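Some structures to go through are shown next.
Look for chain A in each of the two complexes below; its partner is chain B in the first and chain C in the second.
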Partner chain A sequence: MSNTELGDAGTDETNTSSVPAVRLTGITKRFGAVVACDSVNLALQRGRIHGLLGENGAGKSTLMKMLIGLVLPDSGTIAIDGTTESIHDPLTASALGIGMVHQHFSLVDALTVWENVALGDAGRLDPKATRGRIGEIAEQYGLVIDPDKRVGDLTAGLRQRVEIIKCLRRDPSIVIFDEPTSVLTPEESEQLFESLRHVVAAESRSVVLVSHKLDEVLHATDDITIMRQGKVVDQRRSVDADARTLARAMVGREVSLRSERAALGIHSLDDNGLDDNGLDGNNLDRADLDGIDLEEGATATGHTFETADSDTSNIAPDIGPTAVPVLRIGKAVVHDADGVIALDEFSLEMYPGEIVGVAGVEGNGQRALGDVLSSLLVLSSGTVTVDGAPVPTGKSGAMAKAGIGVIPEDRHDSGLVLDMTVAENLVLVDQSRAASRGLIDQKRLNAFAVEMIEQFSIACSGPNAPMWSVSGGNQQRVVLARELSQEPKILVAAQPTRGLDVGAIEYMSHRLETAAATGVAVLLISSELEEILELSHRIIVMHSGRIVGEMPRAEANFEALGLLMGGAAA
Partner chain B sequence: MADFFSSVYEIFTTETTYSNGALLAGVLAFAATGEWVAERSGTLNISVEGMLLGGAFTAALGYHVTGSVAVGLLTGMVGGMLIAGVQAEMSHRLAADQFVVGLTLNILVFGLTGFLENEIAPDSTLARKFEIPLLSEIPLVGEALFWQRWPFYILYLLIPFSWWLVYRTRWGLELRSVGENPQSADVSGIDVNKRRRQSIYYAGLTCGLGGAFFLFGHVGPFENTIVGGRGFIAIAAVIFGGWTLRGTLAGCVIFAGALSFRISIQLIGYDINSELLQALPFIVTIAGMAIFAHRVRAPAALARPFIRGLR
Partner chain C sequence: MTAVDTAIDSGVRPSRTRHGARFSEWIALYSMSVLAALVLSAILVEATGGDWRPVVNALLDGSVRHPGRWGETLATAAPLLVVALGTVISSKAGLVNIGQEGQLFVGAAIGTYFGFLIGGPGPINVVLILIIGAAGGGLWAGVAAGLRYWRGVPEVLSTLLLVTVGGQAVAYGLRWEWLLLAPEGSRGNRNQVSEQLATGNRLPRPDLFGNEFPLTVFISVILAAIVAFVLSRTVWGFRLRMLGRNPRAAQRSGVSETRYGATALMLSGAFAGLAGAAMLTGGGFAFGNYQLVPGFSANIGWTGLLVALVAYEKPLAAIPVAVVFAGLRTGSNFVSGTGVESRITDVISGLLVLALLIPAAVMFLRDRRRARAAATERV
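== the complex of A and B ==
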């Protein structure tokens, strides 16, 4: 199919069996303890568009950064046209004919279009020649733009056009598009893919399309590689793929975490536990070889659900027609710093004692939702009410005062002050427990801290241990202790288990369930689908700042969620 | 009160006011031009004060040894660049905090020149005056701008050159991109911290020249206290000017005008509280900043260190 397409577009030959334009072999990259890419093999052919699909953090961006020299691999080889190369900086990559159209990072708003295009070249600055080249590219690929406009004044679509021109100007033979449509309108995306075809067809270039959107990968590519947790889990031709299998391969992570927990005996899996484990393992192996079998995958998912359902600590609260929501967000609209809409008439009601899971690919408004409830963002329009009383948005401390506790997404960035002590961190939000008339009473502070340390089993050398001396899991317990000690009506947990080990994850899950059991409404924002499926009573899926799907847990499964997350219609 | 206004009128019609103003503006312009380049690359370089003083001292030293003002100017440049070197390497190679480095440098240079001045006691002198015919006959400002001690005329080359460098060369384009969005610049293949270091060296060069000019054009014998906060006024001029060269120079002229006004009013003998007068230029500076500072846009990455991977 791809061959005919290319033939139509005017290329005389596409020989996929010849030496690939790029061959990555056994590429591994670690960041600290995290393995971003784990022995990845990937071959890119000339004249074809290769889709690289995966969730945030699956390792696809890191992999591409190694190809353009922004990140150096720990091991593995990169061969360009059959020759092994060491790509240690962007200039080397550029000299090898590798160009990248970046998602956000490569344009300077304060400079004009032609200045941006000229940036990173060598030799004398020649405005006239640069403008001329922009005109040529504009004509060749239909990417018309005014070279003297300031980039900061352009729309997202036009900015990306500049980005593409900047990349094509150096005439790369290998072009990487990193999440190109994340900032575009559907029409702009359509235009982009049209020009993408041109780029490939005209000079038999090799194109990589990095994306987490199922639709566009299916429509715009010839080959697809799916990555998950740093590994390639599936490789196939686009003609042999459909949205359901792709969604499953992309998000189907129940395997690792659940089996790991079972192995450690933390989670009370029933007798099916071992079978479950074995089946999941098989499933993964098969996925590696020839894609995921839909039937068996469904069975595996069914198993996990049974076990989760049998867990009695997690029964949904009885929300009758007379129940009164504790939190009500009404048609909330939020714009981010760039003026892009982050929440788009987002409405949500939460009832005491329920856990609402917010699923979605990162960057679809979840962060804005958390930030609004942390008083960090002001609504452009819409309301937030707690127990029927409106709460002003963006006013420091207002949400906390109204009874909203927050476990922030990045505990180092906004959850804790690492250079202060554990005790001090425990009273950061509300000093009234340890202070009177503006003075901190060391005795009361100490007593409170000791109580919290015991209650939440925080492993530290004492109340005066500096925060940085405490491990990640215990740092998260400090945040948790602080927020729960406020006795909040609503607890927002944003990525609460990120970067934690299995035991700490289990503890956090247990605490969230307990909080809900005592009547706290818990809003769980997580990119870990299995976490959402395990803990939530109700699940909402966010896409482009809106709720695109809502379902009780019993009706939820990986496929449905995966499809919704990818922006496909339910 | 009428007395006061007639004095002010007198001040604004005497050529000394303008010559003094030009001298002071000249010192500020040397320093601010380089500071402008450094800030456009993203460094809020506060060691200007130390660069000026170091430049003045090494200029005096150069003159002391050779008896040549030209050599003094060269050694002044070298002195300024030495201090720039410490600032640049510490803050943009070793990733030390640029303000801590700058602050420390200012104090260090002050102490060091004070000590060396006592040890060496370099003697220096004013440079010769040089008249540019015809132009110097323009009323009021002619003499101030075209009958100056000769190092002043370096400004007439330095300012357009700096503008050309920043706006018309690849180096300047890269420098501006580094000050606005270092991550983008990095992705485009530009060595961010290298550009920033280079621009600090450039600031060191112009500040060193400024210090030397201050010595040979204004004070003559070196003293440890001559710079007296002018480095900080130069920084204020860049901010006041909204990080454009034109605005920066306008800032230099306005702030120098205030300094010159103070000198003239004292010369005339008008009795006004001298402490208040001392404060006048700084009050003008603060007022100027308060009025204009929020209307302008700073380089987006100003004073933000660049570490690859962080954002």
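== the complex of A and C ==
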């Protein structure tokens, strides 16, 4: 690990001055108990592209947001061209010549390219001058575009070009690109990096490329800073780096250290519901005993049950050559709202009783995968089959009816109705257990809710408590209770432990393993490698909507997964 | 109205303390805003050279005190309530139907047309007109539903714009004898009026203590109870509420947005159409005297929408709210007799309506803020 600051070591002939364009010193930012950035030092040179690499939540976005004034640092200094500045809002940043191209587009589809470019301007609209400026930029940086085209008709790559032009026309001397290639095809990415070179070479600008893709960071940058859990763990020149070292530095140590994370106090910002309600570890154990009858389920399906504690020896269920997949996704293609491809000929087969971990940096199609299995997205092509019977995609309720339970990535999005009661949320998918002849039977609904509340140790004031009054961890338990009570054949758990505290994480892991032991095929989608390695029998890695690698748990390690997640060949 | 609110709520709301707090909040809010409106009105009357005391007297005389007036008020409240009930249904599904005025008018017109076309014995003919009127209003809202679910046109726009289209269409129908216009002999010197319903083809108007009102008063209260029951106790109501509160959760759970949303919007229109048909067959001083005329809908659709808004999406709460709005309407007819300029009385009734709307809006915003805060706090 070379922690020497690149700025001081910079003797490259492309440097026009020895004073770095930006010098961040000891920048720290806390959000509650979580340290997003921990005394980060970083120097950006003129005329060079600086790659900022890290996993989700490593702190890279927060760091850049402090540079453009969207977030204020708790401590530390920012010096621009050697002068210490206080950047308290984006306007100040803009005045200092700092511009950012955001990951998500902020364009108006109905307007033309030049209208979008002129959108943020004060004063009178000057179409001629704006068009002229777009022409200049196009020529200077190779960002060719027709200023009179409607933005809604453009491809994702061209839309991003509009975003870049919007940023460049203010002539910033420091430009930040936040995950610019996440919406681009490889060819478009190639073009982008080419124009980035132009941007840097002309008038010796300084460019930051925020990314989690090893490949592009290696090829498109001059210097690399790697962040993990808010800290800078490595800084080096791109010529001295290779994918393997970067991957290792990015995902970190080999061991699964959930308990260590707890000791460090890295857990949910605000999920104190469990403690408030006196649900400690003891209660959890009791709850487990009250849960699904493990013995019966295990014998019935012929699988051995593993407790959550033995996380290193996940024994995969016996999948013989005659086994029939319970879920089969065949060459699924999905386009998102922006027309970007989210799933690209994605194929997967799952067998009863196995936990398949889907690893990958977020934004590589995992959300689309979850949404397809929740009947929220229609496939452009491809099939989903459950137990050999095809299930229509995007038809309301079809997936749930076919036996696919879902713990969604964002429980507020499709998992819960916050304005309804806990009891009502427990029968959201299937009201039949609390209804007869089209009428809701309040007594049966209450009885069922009380049973679930007890079985899953949901801390709430009762079945009639509004869902929004329940803490996040317990909301997650409501989702879990409902989905498991449906006795699904397949359970999709997308980021099931996100935002939960340690006790709740253990509980969730245990429940998922129990479900698998009773013959449910569990699809665990997670951006946390520890979680995947701890629970899965089989691991697949997603990148750009495709499966780029698949391996049994025994053969998986951080380095191999890290490389695959970064899009490098295994 | 607050008492009713809390009564309906008790099944849903969790804690008694929260409950009590809400109750006093409502009382305080209503007292403050109504008082403010009254003071402002008094100042306005005084400033324009009038005296506020006779104005208040006239308002009370016109709505309840004068002989026969509370019957008139109830007769006005009935269609308001029916319109409001329909609005509650579409709101529960998360849809904003603001075209009740048009749905009511079109429903009444279609009811009239088929009522005369089909004929039949009196009582059957009345029921026929009510049913066909409801169907007509439902179909008119169905146009908006079709636009919404096939072409993605927001129902806020389509329902509103269809009010004008519906008004024009009915006015056209009133110009042709083969459509709605009464035959030469029975229309007097008026040239845009439908034939009058025969005495046997009208809703009965019972007389209580010298107050006469049509049967629709009872029908509307029964409907309110039915709507309240369906929304809170049936699977259909459950799924409709799910759709309104979280369409994505509903989509995953098998509640088809198209099917449930379109049904709710059409039901909402059907209630407005039923209100129109009830106004036609129930008669009354304010409502066209058993025949269809231009402007027949008389703002009942718009006011019914306000009733639903003030009643805060609660069917039973809509009953007292409808009576209050009806009282304002019948009362202000008398205010003009006090010598106060009619424009001033318009402003006064406007102020009072506003005073009734503000608490609901305040509570809505506050509840939403609380729910959001709770949601983000406890993620």
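To be clear about the criterion, the second predicted complex is superposed on the first by the 473 of 570 C-alpha atoms of A that agree within 3 Å, B and C clash if a C-alpha of one lies under 4 Å from a C-alpha of the other, contacts with A are read in each partner's own complex, and residues count from 1 in each chain.
Criterion: contacts are C-beta pairs under 8 Å (C-beta built on N, C-alpha and C of every residue); 3 or more make two chains touch, one makes a residue touch a chain.
Worth saying up front: this structure is predicted, and the values here are computed from it rather than measured.
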item	value
Superposed partners chain B and chain C on chain A - clash or fit	clash
First (chain B), second (chain C), both or neither touched by A:465	second
First (chain B), second (chain C), both or neither touched by A:376	second
Touched partner set for A:475, first chain B, second chain C, both or neither	second
Per-residue touch tally on chain A - higher for chain B or for chain C	C
Partner chain in contact with A:406 - chain B first, chain C second, else both or neither	second
Partner chain(s) touched by A:416 [first = chain B, second = chain C, both, neither]	second
Which of chain B and chain C A:120 touches, first, second, both or neither	first
Stretch of chain B, among 243-251, 279-287 or 297-305, that runs into chain C once the two complexes are superposed	279-287
Touching residues (chain side chain B, partner chain A) in the complex	168-170, 172-174, 176-177, 180-181, 183-190, 297, 299-300, 308
Residue ranges of chain A touching chain B (in the complex, touch as defined)	70, 89-91, 94, 100, 102, 105-111, 115, 118-125, 166
Interface residues, chain A side, partner chain C - complex	268, 270-271, 273, 374-376, 396-401, 406, 412-421, 424, 428-431, 435, 438-440, 442, 461-462, 464-466, 468-472, 475, 499
Footprint of chain A on chain C - complex, ascending	11-15, 233-236, 238-239, 241-242, 245-246, 248-257, 371, 374-375, 377-379
